[in-house]
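What follows is a pair of complexes built around chain A, which joins chain B in one and chain C in the other.
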Partner chain A sequence: SLEVSHPINEYRQKETKMEPEASSFPPTFSVSEIKNKQRRHLMFMKLKQEKRKQKMQLKKKKKKEREALGDKAPPKEVPKTIENQRVYDETTVDPEDEEVAFDEGTDEFSAYFNGLTNPQVLITTSDRPRGRTMRFCRQLATVIPNAHVYYRKGLALKRIIPQCVARNFTYLMVVNEDRQVPNGLVLCHLPDGPTAHFKVSNVRLRKEIKRRGKDPTEHSPEVILNNFSTRLGHSIGRLFAALFPQDPQFVGRQVATFHNQRDFIFFRFHRYIFKNEKKVGIQELGPRFTLKLRSLQKGTFDSKFGEYEWVLKRHEMDACRRKFQL
Partner chain B sequence: MGEHSRLCSVWLGSETGILKGVSLSHRQAFNFCSVNQLSRDQEVRVLAWSDPTQSELLLGLVDGSVRTFSLEKGVFTESRSLGDPVEGCFSGLEPLPGGGLLTCTESGTVRVWAETGTEPVTELSAGTSVCRMRRSPVDAQRVAAGGKENGLKIFDLQNPERPVFTAKNLRDDWLDLRRPHWVRDLAFLPDSQKVVTCTGYHQVHVFDPATPQRRPVLEAEFGDLPLTALSLVPDGSAVVVGNTQGQMAILDLRKGRVRGALKGLSGGVRGLQCHASRPLVASCGLDRFLRVHGLEDRTLQHKVYLKSRLNCLLLSSKDLLGGGGASGEGAELEEVKDEEDDVWDALEQVEEQPSKRKTTEEEMQTERKKKKKKGGGV
Partner chain C sequence: MQHDDVIWDIIGNRQFCSFKVKTKGQNFCRNEFNVTGLCNRSACPLSNSQYATVREEKGQCFLYMKVIERAAFPAKMWEKVKLSRNYERALEQIDENLIYWPRFLRHKCKQRFTKITQYLIRMRRLVLKRQRKLVPLSRKVESREKRKEEKALIAAQLDNAIEKELLERLKQGTYGDIYNFPSHAFDRALEQQDEESESGEEEEEEEDEEDVGKREFVAEDEVDESDLSDFEDMNKLRTSSDEEEQEDSSEEEEEEMQVKRSKGKSPANGAAARKKRAYVEIEYEQETEPAPKSRVTL
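On to the complex of A and B.
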């Protein structure tokens, strides 16, 4: 029988000649040159298996070497993550810096941090809210003490603000809705404080949280603020901290966490219990959502004529993957 | 203290009351504070040179006092109380050639003060609200002021009762509604009587008092947000404006078009100034950074983090990069540097820890260049 030179025959010959260690694929081999889909798929699978096998062999070899060296083995390499590779931000706050400490000590939140005011929060929405947004607002009101939900009757925010100030509210929270789902949050600190505008995503109401605990009680929660390191991060952290009443002798085992990672702020609400000194059990209660800061405006809400302290400019700021603002 | 203040080429006033001096050639920033305890009452609102030799700075503070800072000694030499915080902050502070001072508050009162004394020599009212007051560089007796719903008015200090020129509001718009008017910043064009203003309704107007036309001679628009700061390019053909979100642009005054935008700021612009001889513009604002852009290529050249919000800035006319010296010396230095550069290029680059700031700036610049190339390709 004639042996026709055919790619599949060549492949089979190569397979029989294959040695256990050497690769059966020449370096110039490319899967995309095979026109037949089934054969291409087969070759791709083979290529992948080959690569995986080589990787495992390399790993085993390294492990053996490490065990052989014992104590003298070089330390394990830490994998690179985006957080590891974060570009150093020059606005990172140094805890001993006096100027920044003075700036923070005398900013718009100084009344709260000096214990002179108690937070009173007014939660409202954009006009004609439906469904999830209303439930979200009501659940937020259970999580934040001293919070009241009011229906927005199509009133202008600039007119609501003087009335809130007159009634001693310290915060105005406006949840923006799009297609029955909350997608934005405007947080305005009241006497003359900064206004932050966030994008809200991944909202999970209480019903949708698996293995959750019972509803939150009236106790004031503790607040955990993670990873707000830059000057802007500090301002936003203080904005969140001033939502909750300050009480060092706190009662109740509820905690609200604002965790900042890669400029996204994750909000979680838990109840904890210490089983012994080292073990804690936590149950997630309450709503969970993610925030991303879009702008921080100095002064109360005035998007047209107010001065912005920080605005997210995507094309300038999101160009580098390893550079974060908060 | 004195040696630090002699190095600095850019001076900024901050909201915490600290006067900051920055030396771009040495990449250093210095804080100068008059009192041991900082306080928000000392917030610096306006900065001005006290004489053309630029040896002393005048600072206008929120509590109504004016302090003098000497650059040679590096300390605050004098403090005068020239205003009442009830009337609002200073919106203009200028020295007069005879030795007096000219101040203006936000409530509209312009006062002329003698070198010493607690009572003003002349007082005039420039309207109900004045956001900016400036004195003409050509004629020492002409003063321009403008504010919210208070159009541009030019006064002669010798006849303070009536303004020499009052600007008329723009024509009613296509719905026959009165156009609102809010002058945020103004500047006198060099070698002429014309005045450029920028408004809170994102317009830039040029007025010419020499013509009988009281409406603006040129009208240009930029963006949709209020323009807060304005600075003239030294030859008077263009103007740099900044708005509340940190967008800055160069507008051409001959045609009224936007020549290009300056990028990089993330917060509202509070102070802008173009350098007198070099094509550079310095900007400061609420995002706590001082940025220096080149005017011709519109790239960011320097960025300095200064920890408080900045209100106003002043550039000294000495060279920003490198100390003073004859141009000949400068050329020789450049030649020497070229030879050295060849030598350095031949060597391998060694990574250094302390140059993190430089690397971030370089990274930003190289990334910007890459982006420009990509944009060109697409």
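On to the complex of A and C.
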């Protein structure tokens, strides 16, 4: 036989050489110490195969045990998700917390929640809005009852705000635009209420939503606020809740949802119908977008001298994957 | 002694001037002391011994005049006069200082001064207006956030969450009397929730079993769903049976397809096989009685 040093021969020799050593036990040296790339790669693949085999064996064993035990088998282990592994936030609101209840009874939204004021929303944009932003504003105005869209003529917000207060508006929404697309939202509660600045992403206008229903009617929608657990989340949740009138008209069967997941707030607008008491069908109308809170400021809009309750600090957020603020 | 014509002849027309910028239509002069900014015989600061400009520094305007006697000391060649803040007074100052100077220079200096004051006014007005701040986006951070958002969306399972919430609200009775689903267990479940007692739960279970045994005659329009959905497992069974049916039907279809296919192919296959197969000839012996031969005798 010709002993030609062809890579194939070398490979075969390596195979025969390595087999008895590595297959039965893991190598005593670490795989990364081998200088030759091909050999190192081979060793690594072998290691991986070994591990996979062991894992499969373990799985099979467990499955057999489970079947053998039948009813008495221990409950299946719950996989770890980011939500289960979330770092406990000390500002999580206890439902029976008195302090929080007192705060919420006397904060800026108390007037609304006691039924004294009706929400009146003014929607506007940044300077020179393009078509997409204007369409978005108009669709928002159909979703939120008592909302009016006004064209921004390059006026300063600090001058608009006293005029709004004088005309009994409770909310000012400013949609910021960048490159012909809405990308920011400033939500200001008017009689000296908190101002929240959000980053807006993934805006889908009505046309772009698949399988959507007809246009929303004039009935006031219900509001669903999901997963606002911390103190900050609570205040933001109340901010959203106060946008809509207190008494929703159930006849309209429309629901606006603000769902918080990992600090992203997803807004959806649906029409629902109960098929029976265990099944409900929902049909999406209306625009959808996601918000991410960037800052919460105590008074009305004042970016320079305002008192910030909370500001997004990137490094704080990125340090731990399982830590969330809302 | 400065020979202006010679200088202009060299730098303007024939050879190189480092301040000249040539464009398709015009030539510009980048010299900071040029009054008009164009490269002309009358506006070139190098080739005119009698020359004047207006320049501004930090909001203050100055009239610069060239003193050609000090051409040997370029740093001290230009004399500057501070102009007043008042526009008309400043124009008078220019006239005073450039008295007996060529009309062209006086005019151009005043024009330049006017332009400068206009842009200074505009600068001051802009500072008072709303200033737009451009915040740079970091590409890495943006893409990371986008990815996180997608994953959060998947984890949120929005439709399920909304449906669950709505059903809970229905159970708790926030909708009042708008929806009435005609079924015994629903009313009883409501009652049980109000009572919140163990005995209530037991009753519920018994009643469920009773319902399962009973036969209820329901009109065809009312779908059985509302009745069957009391018994929770029934739902699961139904759905699973639906799935099974679907699976069966799909399997049958597949089988049919296979059969069809095989039917289509088999004759050809069989024929081919028969041809290729080695075949053995078998002789069959039929054990039958020969037909009785009747001897016919003549």
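Couple of notes before you dig in:
We take it that the second predicted complex is superposed on the first by the 264 of 326 C-alpha atoms of A that agree within 3 Å, B and C clash if a C-alpha of one lies under 4 Å from a C-alpha of the other, contacts with A are read in each partner's own complex, and residues count from 1 in each chain.
Keep in mind that, in the parts below, a contact is a pair of C-beta atoms (placed from the backbone, for glycine too) under 8 Å apart; a residue touches a chain by one contact, two chains touch by 3 or more.
Only a predicted model underlies this, so the values are computations on that prediction, with no experimental measurement involved.
After superposition on chain A, the partners chain B and chain C are accommodated together without colliding. Between chain B and chain C, it is C that contacts the larger number of residues in chain A. Judged by the touch definition given at the top, the superposed model places A:103 against chain B, while chain C stays out of reach. Applying the stated contact rule after C-alpha superposition, one finds that A:276 touches chain C and leaves chain B untouched. By the touch criterion defined above, A:264 lies against chain C but remains apart from chain B after alignment on the C-alpha atoms of chain A.
In the superposition on chain A, A:308 contacts chain B only, with no contact to chain C.
In the superposition on chain A, contact of A:113 is made with neither chain B nor chain C. Here chain B and chain C sit at a least CA-CA distance of 7 Å once the structures share a frame through chain A. Those residues of chain A lying in contact with chain C across their complex are 81-83, 154, 156, 201-202, 222, 224, 226, 250-251, 255, 257, 259, 261-264, 266, 268, 270, 272, 274-280, 282, 290, 292, 314.
Contact residues of chain A toward chain B in the complex are 87-88, 90-91, 97, 99-100, 102-103, 106, 231, 295, 298, 304-311, 313, 316-317, 319-320. If you check the complex, the residues on chain C that touch chain A are 129-130, 141, 145-146, 148-149, 151-153, 155-156, 158-159, 161-163, 165-167, 169-171, 175-176, 178-179, 181, 183, 186, 225-226, 229, 235. On the chain B side of its complex with chain A, the touching residues are 15-16, 18, 31, 38-40, 200, 225-226, 228, 244-246, 263-264, 266-268, 286-288, 305, 307-309, 356-357, 360, 363-364, 367, 371.
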